[in-house]
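See structure below.
For clarity, chains are labelled A, B, C, D and E in written order, and residue numbers in each chain start from 1.
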Amino acid sequence: MQALHQKAKELLESGKVQVIIGYGDGSGDRVRPVFISKAESASDLIWDDRCRQNLAVYLNKPEIKKLGVPAIVATPVVVKTIIQLISENQLKSSNIVVLVVDNDVVSELTDNASLEAYSAGHPVVFPPFVVKEIKDIAEMSIQQRNKYWQDELSRCFKCYACRAACPLCYCERCLTDNNQPQWVCVASHAQGNFEWHINRAMHLAGRCVECGSCTIACPVGIPIGLLTIEASRIVKQEFGQEPGLHCDADSAMSSFKVEDTETFIK
Amino acid sequence: MSRIGVFICHCGENISATVDCEKVAKTLASMPGVAHSVDYKYMCSDPGQSLIRSAIKEKKLTGVVVAACSPRMHEPTFRKACAEARLNPFLCEMANLREHCSWVHAKGDATTDKAIDLVSMLVEKVKRNKPLFPIKVPVTKTALVIGGGIAGIQAALDIANAGQKVVLVEREPSIGGHMSQLSETFPTLDCSQCILTPRMVEVAQNPNITLYTYAEVESLSGFIGNFTARIRKKAKSVDEKLCTGCGECATACPIKKIPSEFNTGLGMRGAIYVPFPQAVPNKPVIDRSRCTYFKSGKCKFCASKCPAQAIRFDQQDEIIEIPIGSVVVTTGFNIKETSFFPEYGYGKYKDVVTGLQFERLLSASGPTLGEVKRPSDGTVPKKIVFVACTGSRDPAKGIEYCSKICCMYTAKHAMLYKHKVHDGDAYVFYMDIRAAGKGYDEFFRRAIEEDHVNYIRGRISRIYERNGKLIVRGADTLLGAQQVEIEADMVVLATAAVANDGAESLAQKLHVSYDAHHFFAEAHPKLRPVETNTAGIFLAGACQSPKDIPETVSQASAAASKVIGLFSNAELTREPIIAVVNRTAPPLFSTCVGCFMCQSACPYHAIEQEEIKTREGKLIKMVAKVNPGLCQGCGTCVAFCRSKSIDLQGYSNEQVYAEVMELLS
Amino acid sequence: MKIGLYPGCSLEGSSREYAESLRAIAPHLGLELEEIEGWNCCGASSAHQLDHTLSLALPARILAQAEKQKFPELLVPCAACYNRLASTKKDLANDASTRDKVTDLINMPYTGVTSVQNILEVLNLVLTPDVQKKIPAAFPHKVVCYYGCLLVRPASVVHAEKMEDPMQMDDLMKRIGATPLDWGMKTECCGASLSITRTDIVGKLCGNILEDATMRGAEAIIVACPMCHSNLDMRRKEIERVTGKKFSIPIVYITQAIGMALGLDAKSLGLHRHFVEVSVHGKNKVQQNVSSPSMAAVS
Amino acid sequence: MENNFEPKIVAFVCNWCTYAGADLTGTSRIKYATNVRIIRFPCTGRIDYNLLLKAFAQGADGVIVSGCHPNDCHYTSGNFHARRRWIVFKQMMEYMGIDMRRVKFSWVSAAEGAKWADIVNTTVNEIRELGPSQEYLEMSRQGVA
Amino acid sequence: MSVSIDFGGDSLAGWIQHKSGISVQRCYQCGKCSAGCPASSDMDFAPSVLLRLLQLQNAESDQKVLSSYSIWLCLTCHTCSARCPMEVDLPKVMDVLRAESLRHKLVNKRAKDIVAFHKSFIDTIRNFGRLWEVGLVADYKLRTRHFWQDVVVAPVMLKKGKLSLIPLFHKKFVSRIFSGLRNREERA
């Protein structure tokens, strides 16, 4: 942690960055995101196993953007998110300092190549319970899946916490806020919820970096992350493309290969 | 409030025989927003059209639905009628009651119900139609022709002779291309250089043509009528204005042993050279990668001998930018080298040559002055084997197509060989003879019947050298695939014609499509054979697929006529069915967040990145912007846009949504 | 370098000199050979001529055994065995259902981790410049390298670099001071699978090979395959009968050539087992003997 | 038992291939079931999956999506983009428990008039077998209630 | 003369496709395989002619193929497939053809020796686990009654220590494979 504090201090003092997005102590045993603009507060930063939230979500928030050039304390999934954001023209590696901590050594990832190398070396590993959920659903019949999701989604009341927590949901006007035409029913009944969630999955297909922020954010405990994870799984299986690996990759869903195969188009 | 007019056509009895047209008109009349609904026997007839025109005026219609035949048939007719009544033509839609309803269903309520559905769906759509106006773009009347082979020469001359300006860019030091390397041409056996070189000179002298040799296209931006080409003029190291083309420099150059590209490695050239005596321009260039001065800083023999003092060692590459209205791509082809063929010795046998090398051996201007001699020892081959389909039609080697020219030039080779070596034996191994063309089959028959060339149907398995002879192992498939072994003095491989080096990167610079073999793709194989999918860029010759000279020249003239046609207008008019990115009030400016997924989705590279800035020039955001000159209106971008910030005029989100909702209401 | 060894049946029988010479040169090349335990025949060409499953099961058992002994690499000096093992490995890697069927038959786990190496690949690794220093131009003979079929085909199995004109063996020959000649029969077939049943075809094919080699002025034909060796060496009578020509050129295993270059004695290299004598005189000279005395003794 | 159920089917087709192919069905006077209503798009690339959702929500029993064969797209590659979209959409819907047998994807060229009739008839028959669309409609009914 | 041979209701070509995934229809009769085949001149049908017969897909030509001598003369040297422009894996086709020829008892008379040899070979492996050359040749001679063949070579081989008269027994290593295969056949 020492190294992290030192690095943060240097960055702020040198004026290279104006804000450091990192983790700090929260209430109880929890950690919370902190935004440090003063060198003397650098020691508020913490780094341990509890630091898992995907802080990249703050990078595109206007109130954070206002603060100036940011440095971000990055977990592997944050690095992936940043790469994905770069590939979608939402960030430039030259306008951000990415700090990764390995064995109390802090490294700066300052260009696309170093971000990509880091991402390639740190694959996302799901916690066992997620692996189990994925497996359970995969083994269900289509009717069981229908019931499963109808039950789960019936709790959704369209608070859009999932949207707010997702670092890749950065549209300035969401599809749901568009009423000409009304693509997604406003009401949080079964149809409206279904429309919202399948759109979210389709929009994140081949983009979701599987950080799980949406599931954590859901106040009624719907495992909605599974939907976007599935969408990305389909993309990887069918087109061999994974998000968060290449800064100049075309999005899997807006590109194609002549050799793409399917069996259902007659 | 919409005031839609609905016009149900009986199409004689074509529609009314199975659809109750009167009922359709009546039902529609009571639909909200419909101000007028009638049926009539022939809507497309003059009285029918005037029915529409007068209703527009009298009922002050804001939109029209004509329910008749397929819009692919009469949409232009009815839109024109609306325009005549001063209703924007894009406020007129057609419901297809004939092809999609009356002709495919039996008479009955279900059919009439369907007709009602189809019409009401279009009524809901047309309520949301917006007036659209044809897009006009200006035209720069200069054509860029890329590649100075026979295709480029023909295209450039045709365009120039029609009074338009042409910029012709050639990568090599001279124009002429492969045709200048050929000996005689089938099926007439006229001398290739004799017919080509006058055309080359014409190019140089035509005031409408600007010729850049030793130059390449760096990039092309813009769109039809309004391209900008960046051209790199590679340093020739010679001041062309001063050079008189006397050739003293080439004589002076101490380096003499560089394999000549023009002579396919069978002859030599110096480091400063003119590729061949009839070159246009007939001025030398220094091959810097081979020049002693450029390698070691010493020599300058050429400069010391140049009477005009035209050598410029310090010359730099020059980039020029030219506004261009249209492009003709004529970059031609190449052939596979013998080294590509493992079973034929990986190119290690000197007397196994390609067809193009054999052309040089036959050519009077070639390294042997037209005498057929073995490259290894200079003896005259008495037994020679020609192998057709070497690499062509060979999926295992990655080339599944037919190279098209080999059957004919192989027959020509065998024939010319027999004419020159009377006591020689010529064998041709072939799979099929493809001699479709005027006088072609007769030509190849002559090789067999008059010149006694031995044609054997079968492919060669292997060639190897033994005692200075080439052992050729084949089979005669017309004799039960019996093995044939020939001890030949020389073997000529009709190797596959492939896309020219750099075709892929050029295609990417021009944004034109190309196939798996890097041949450029035509817009439609039959009906648009010289157009590309990028408006304003045309193709001719072997860069599109292997072809012979007559076909190449026809295509070049065709492409030229397309350019001339384009240049005959002061400006271009295009249908306004294009995508548009929304613009809103500040601070948002547009709901587009600039993820540019649409950019990779667009087949036409029509989406650009636009910077929205404050008045002080500070960047606020990047948004997508559609170039109306390039957009063809497929709408693929629209379906990708997550925030629905891009929409397609004529098929907008609101319009198609309304259609679905109405249909199932 | 330690490596697993699958000798194969021929190297225990009619081609034991191949095994002998390999074992003799191994220590000089820093090669430690550990023979695989309880190995069986790979099935050679007969198994796949008659029974597809058997032709996979026999090699699979060998590969599984190599895995069991944790050999990362397995040297298979016999070109025929090498080809069968490599092709089985490929088939099992590409087809899960076949793999299940075969592992069930052999009742051994198989994952495909062991890499199968032929003699040329291994020699290429161990015949290093350091070893070369010990043998400057010690084998100063004009030779032709005969690869036959099984070391170069099919390309999908053996990954030969230049299938129609392979150079690995030629390169090894250069390293021991020999002059490999270009010739026309490098990868032609000797007729191996008909060696007992259609000796006339074998005679014809081998005759072509011997004739071309002789015509080019080669002093020996270098081989790396027991099948090729026995056909070219032992079938001289038949070859003479079919072609009407006498050939005296000796057939030398690559391991024997390297052994001679290293100065090892003829006996340890098994040279005495050849039908066509390979005389070693003075400084490792390969002498062409005009008529084979041993052959004469029999006829 | 006679099946009196007449499914409602919406077809989303591209202008250049399938719409023209359906025109050819007409000019060839090949008969097919009346259950289908065609909505014209410039290209399959334009077809938003949300339109399929809306069609089901509005009570469609089946949907046909059809365009140019691969490599035949009037716009070069719109259908390739569409194909990717449908590959993901179909699996995603199935993951969420929606029976995608109600959606028929096909390539019908401008020359395949008979194929179009066949696709419509097959789809109508298959949807008739499946019965009225339930699962999706139930969701939208909840909305009404 | 034509007997009907059953390939599960398919032609022999279809059967080959089913068994090996190879389509004989890919062959366009360029003859490159026949041109390079070392055994072609001894065959009754050159390799490309065999493929042509298969392409015809009728019982008569299928039978010609299965009773041909060619399929047994194929040396599996892969020269054909290495150079085939259409990437037809002819050696693999030959494997299927030989299996079918045996199954339908159509083995060419002249090929009896070759089949006998392969059977002896496999029997030797079955009995000894490894190849015992003396045993193999003895077995082969018993099958074919070619007692005098190789009398010239064998004594020299013995003398030179290339043959061992006593086999080593490694049968246990392969007994499971052979019994497994037999069970499978019996089940089928």
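Heads up, the rule we're going with is that a residue touches a chain if its C-beta (ideal position, glycine included) is under 8 Å from a C-beta of that chain, and two chains touch if they have at least 3 such contacts.
Predicted, not measured: the structure shown is a model, and the values here were computed from it.
Undergrad: Moving only between chains that touch, what is the shortest number of steps from chain C to chain D?
TA: Shortest path length, in steps: 2.
Undergrad: Taking chain B out of the count, group the remaining chains by whether they are connected through touching.
TA: Remove chain B in thought and the touching groups are A, D | C, E.
Undergrad: Which chain maximises the distance between its CA centroid and that of chain D?
TA: Of all chains, C has its centre farthest from that of chain D.
Undergrad: Of the pairs B-C and B-E, which shows more C-beta pairs in contact?
TA: B-E
Undergrad: When the C-alpha atoms of chain B and chain D are each averaged to a single point, how far apart are the two points in Å?
TA: A distance of 35 Å separates the two centres.
Undergrad: For chain A and chain C, what's the span in angstrom between their mean Cα positions?
TA: Their C-alpha centroids are separated by 58 Å.
Undergrad: CA centre of chain D versus CA centre of chain E: separation in Å?
TA: Between these chains, centre-to-centre, one finds 53 Å.
Undergrad: Can you pull out the residues of chain D that are in contact with at least two other chains?
TA: In chain D, residues 49, 54, 77, 81, 85 touch at least two other chains, as defined above.
Undergrad: Which residue numbers or ranges of chain E touch two or more of the other chains?
TA: Residues 79.
Undergrad: So which bits of chain C are touching at least two other chains?
TA: Residue numbers touching two or more other chains: 163-164.
Undergrad: Would you mind giving me the full set of chain pairs in touch?
TA: A-B, A-D, B-C, B-D, B-E, C-E
Undergrad: Over in the complex, which chain C residues touch chain B? Could you list them?
TA: Residues in contact with chain B: 162-165, 182, 184, 212, 215.
Undergrad: Which residues of chain B touch chain D once you look at their complex with the stated criterion?
TA: 70-72, 96, 98-100, 103-106, 108, 110-111, 113-114, 117-118, 121, 513, 533, 577, 601, 603-604, 632-636, 638-640, 648, 650-651, 653, 656-657, 659-661, 663-665
Undergrad: If we count contacts the way the header does, which residues on chain A are in touch with chain B in the complex?
TA: 88-90, 170-175, 178, 180-181, 183, 203, 250-251, 253-255
Undergrad: What does chain D use to touch chain B in their complex?
TA: It is residues 6, 8, 10, 15, 19-20, 22-27, 29-32, 34, 37-43, 45-49, 51, 54-55, 58-60, 74-78, 81-82, 85, 117 of chain D that touch chain B.
Undergrad: For the complex, give me every residue of chain B touching chain C.
TA: Touch list, chain B to chain C: 342-343, 345-346, 348, 462, 464-467, 471.
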